Amino acid sequence: MLAVEGVSKRFGGLMAVDSATLSLQPGGIIGLIGPNGAGKTTLFSMISGFVAPTEGRIRFEGADITAEEPHRRAERGIGRTFQIVQPFAGLTVCENIAVGAYLRHAKRSDATAKARDVARRVGLDAELDRPAGGLTVAGRKRLELARALATEPKLLLLDEVLAGLNPSEIRDIIPVIRGIRDEGVTILMIEHVMQAVMNLCERVYVLAQGRMIAEGPPAVVCADTRVIEAYLGHGAAARLRAEGAVHG
Amino acid sequence: MGRSVQDTTLSGISRRTVLKTGAAAAAVSALPFAAPSVLRAQTAVVKIGILQPVTGALAHDGDLGRAGAEMAISEINAAGGIKSLDGAKLEMVFGDARSTPEAGTQEVERMQAEGVSAIVGGFASPICLAASQAAARYDLPYLVDVGVSDQIMARGLTNTFRFSPGFGKVTQVALDNLTAINDKAGKPAKTVVLVHEDGLFGSGLAKLLQTELPKRGFEILETIAHPTPARDMSNVALRIRSLNPDLVIPSNYYGEFVLLARTMQQQRIKPKGIYAILGGAASNGRFVKEFPQAAQNVIDCNHWHDPKNPKALALRKAVEAQGKSFAYNVSLNYSNVLLLADAIERAGSTDRRQIIEALNASTFAGHIMPYGPTKFVNGQNEAATPINTQIQGEDIKVIFPDAFAEAKANFPAA
Amino acid sequence: MYSPQIILEAALNGLMTGAVYALIALGLTLIYGVLHIINFAHGALLTCAMFAVWIAWAWLGMDPYLAILPLVPLMFALGYGLQRFVIGPASHGDDGNILLVTLGLSIVLENVLLALFQSDTRTLDTDYSFQVVALGPLLLSYPRLIGLGVAVVVTGLLWLVLNRTDTGKAIRAVAKEKLGANLVGIDVPHVYAVTFGLGCACLAVAAGLLMPTFYVNPRIGGAFVLVAFTVVVLGGMGSLPGALLGGLFIGVVESLCGLFLGDSLGQIGIFLIFIAVLLVRPTGLFGAKA
Amino acid sequence: MTARDLIPIAVLTILAALLPLAVTSSPVLNFLVFMLIVALGAQGWNILGGFGGQFSFGHAAFFGTGAYVTAILQLRYGVNAWAGLVLATAAGAAVGWVIGFLSFRSGLRGSYFALVTLAFAEVLRILANAASFTGGAAGLLIKLDVRAANLQFADRAVFYWLVLALVAAVLLLTRWIQRSRFGAQLVAVRENEDAAKALGVNSLTVKLRAIALSGGVTALSGCLYAQYFLYIDANIAYGSWISVELLLAPIIGGVGTVFGPVVGALTLHGLGEVAKQFAGRIPGIDLIVFGGVLVLAVAFARGGILGLLERLRDRGRGVMARGSKEVSHAGR
């Protein structure tokens, strides 16, 4: 459904993303991992339309969306969350979610009903009438998720929804993400918490220094020499293997 | 001098008062109106409204206008009040027009509520326009003190009177006098540059002069407009220097006039004459005192009192004793109040219709302006006329017409 | 049309007027560069400084140029205090609030001046106010020539302060990265206030340079502040050399437009430049900062 | 909108409408009319500035356009004043759309947007002052001809009711905005434009709609001003005083609320009058109060007077409600 074809982004002299290619079939949870500064968020921003690629093309369900505005992509069914959560602080939780719901429901009553429904799914139903500014970090993450979900996306881009959460909070939210997938939403997620990646993703893409260096099931990818070296530096893979041999 | 209520740029925030309405909050805050009148219930009084902008951009002028009106009122009361009303005293109901038309309107409403018999003042044309119209709703006689805009009298409002000359008249007389002064000196001036501010007053004047001056044999080399406030006059001066006209005719406000005169002095531009019409500083005592060199020999055609009238001289002394400068709007407000008192005297009543009738029939000559007896036609005093003054030495001298002249015109300037 | 001499003189006049614009803009751009706010009270503060110069002359008989010396620390203190104790605390760090607080301040300052001095125009006179320097056939205004020189020197000084002193380094650090500066132990509110104070000190210099040839009334600052905004935007918000070049450029453009189109339309020219720059290139013509 | 949304507006409007029956003093009515005209313009500002978060410092551009359009149509083309009212509103909306299109498309926000609106208003002021069809610097005088067909009334109370009705209509409009998809999207754009875009909000369209509505409402108030005082010139209509006044009222009253602009206009004008009562001889005293109130409001009363009241009320309730809320947290 999504095809990213040789997309690059240059900021001044810096090549943030260097002809990255990625292709998603409907359904499932796909991970996008890589060390800090690899260009993951930039790639997300290009898919969702906030950053225009310097080169390359992006297709969604066959249509070329490379030059489309973010809101048009949302209408097509691409939802995203932000790494730094951005609630509409002046609104209540319910109103926040309703902004997303209004995309497909023009009437206030319909949008509100949809918002309540989504809130229940992500476990925010107790907070509906609280101001969004007063939520805890975990609450904000859920809200971020709920708002995107309320737009009824076909493809959901999750940018580090687990970052900043404690283990029990992570444990609480993982079933929510699974639930979303089970409803038929395709999920592409940037994640640093490797345990969650292993747990959730059927497939992962690895981005390092702007280049796509590996792709495949998480267990396979994590054993890949290039991936280990991208994370831990040159020669790390060999060292690890050597250590593994000694201890083994 | 019919200046438009100005407002420029960001800081105009307060030039146009942000809060403009008058004292209505007296009622809003449930305070009683008109407390003073309660105390005087025993003696008969005639209330007259004095409307002046004593705050805002025009505060300085408004203050002088009020001083003139106050002088006249206390003089009339000291002389026994309105005799046909058993010596009823005049009582001033003062309204601050706050330099804006809305505030002027608001004060007219308050004066009406306080039961004034007539209103004098306004100063700026926009205030006069709005305030006289508000007064017209109640048939309340309104005497314009200064506002020169011809629109004021062109609306056919029966309640509105203007004792002083309007814009058209001033320009006409200014041109006649200029021609006369020039002819008398052997026609030294042929070419002219007009410098005007781009507001109501300057632009209107420039337009008139552009059609009238050529008819009288003057050649207009250029018409230069500038904004108010102007940050710089050196360009204007440069252009004047390159054109080298015989005559410069400026029409602008105090700050810009002073800036122009000083810049011309600096650039060593010495035309045969600077002839201002309703000049912003040209007949202002402070300009003469602070910049005698730049001010020297500037001629103005403006409202001015009759310098040979002893009452005028006495008034001038009294005003200067208060530490205020004596400007034309002191004389105009003073004269307007006298004129109004005379009309009330002859009407023998505070009935508005009768006062308006008495004003229409007025042939009052007891004022201090060089007009002679008043003669109102459609509210405008046909006898009103400006006269010419010139700054000579440390003083402003009347130089034309001869009947009022204190000194001879220094033209062309030595 | 005009002789080359007149055009040259107009251009030079513009350059000299532009120097004063540059000084006013310098304060504004410095404040913007560090605090990322537009100081709407800048015009009113300029008016305050001009009145201070006038008072020094009228009451103490002090030469307006000499008055700059005590006025610079005074205006610095005023600016420091305003930012530290009024603007900073009142605006809670929100940009929109800062706009409003400085707007409120400008209303208060202007009207306090109005209450104290009434609305009439005041001028002062010195021996050199309208002296000229004859440069061949060109007559150049002596006080404005001084203005041009001082503007260049002040820009240079300010640049030195920013680049060669510890305070300057702290200011630049805060301008670049507020959070980081805070982490390395820089007292950010203090740096903000110092910056605001420096901006006001520039106004003291501008006021001293203006008064010999100009006049002051409680609302005069507004005549300069919009031009200063234009200069700042043109020069690139936050850029000191940009403010100097922008000021000189606007001065010359205004002067030549005034010569050929008339001063009234010259004004529109400034606003149109302003709008066009904002719409097309909000980083300014000389500015590198995004 | 539900009955609960409508009742406060209806009740307040009816109460205000009864006022002229109790207060017959012309100065008071005159004061109220002027205050309501300002409130109406401020309601216009509030749509863009309050709900949309785009602080305009140049709403005079719309106020002046409304005033000039009705005056020029009547004077030059003999158009009926009531039709002028409608056309002036439309013209204000159009000017709003154009200014919005230019500035929003260039991505201007915050201080930059404030500055560019200020500059647009100044350009219009200079043009109106110079052009001949606007009457130039002499301004325009609408002929005094008291007839209802000319939108001029012998009784000030009628004009008061007219302005009041329009203020009430805009109260309803803003209440509708608050309850509609458009309003939710507008507030979302105010709070976080990127997040809103990600949720499918076309922020440019939403902002353009807001500035057009805002411009239209403010133009309507300018039109009423011209119709009431019958005289305008460039400095009255396009002067920066009106830009500032239209922005102050909502901010003092409660920015982004339905009643804020009206509360703010009434408070400011009331305070100004009180200040003048006590210190009338000091020129500009009311303005000093004004600027001071603005600074204080920003410092201590975020959300304006209405925000302050709400917080006081919440604090009162909060004491009782806190316990139950904590329970619900624990239960989750």
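Just so it is clear, A, B, C and D label the chains in written order, and each chain counts residues from 1 on its own.
Throughout what follows, a contact is a pair of C-beta atoms (placed from the backbone, for glycine too) under 8 Å apart; a residue touches a chain by one contact, two chains touch by 3 or more.
Given the structure is predicted, the values throughout are model-derived calculations rather than measurements.
Among the remaining chains, the Cα-based centre furthest from that of subunit D is the centre of A.
Centre-to-centre separation between subunit A and subunit B, using Cα means, comes to 75 Å.
Computed centre separation for the pair subunit A/subunit C is 48 angstrom, with centres defined by C-alpha atoms.
Averaging C-alpha coordinates per chain places the centre of subunit B 37 Å away from that of subunit C.
For this pair, subunit C with subunit D, the centres built from the Cα atoms lie 32 Å apart.
Shown for subunit A are the residues in touch with two or more other chains, of which there are none. Counting only residues that touch two or more partner chains, subunit B has 8-15, 18, 55-56, 59, 198, 227.
In subunit D, 118, 122, 126, 129-130, 244, 283-284, 287, 290 are the positions where the chain touches two or more neighbouring chains simultaneously.
Two chains count as a pair here when they touch; such pairs are A-D, B-C, B-D, C-D. Every residue of subunit D that touches subunit A in the complex is listed here, in rising order: 179-181, 184-185, 187-188, 190-192, 194-203, 256, 328-329, 331-332.
Within the complex formed with subunit C, the subunit B residues making contact are 8-15, 18, 55-60, 63, 198, 224-227, 229-232, 234-236, 238-239, 241-242, 254-255, 258-259, 262-263, 265-268, 290-291, 294. Subunit A contributes residues 48-50, 69-72, 74-75, 79-82, 86-91, 95, 98-100, 102-103, 106-108, 111, 123, 126, 147-148, 150-151 to its touches with subunit D in the complex. Contacts from subunit D toward subunit C in the complex involve residues 53, 55, 57, 102-103, 106-108, 110-112, 114-116, 118-120, 122-123, 126-127, 129-130, 244, 251, 282-285, 287-288, 290-296, 298-299, 302. The touching residues of subunit C, counted against subunit D in their complex, run 37-38, 86, 89-92, 95-97, 99-101, 103-112, 114-115, 118-119, 226, 229, 233, 264-265, 267-268, 271-272, 274-275, 278-280, 282.
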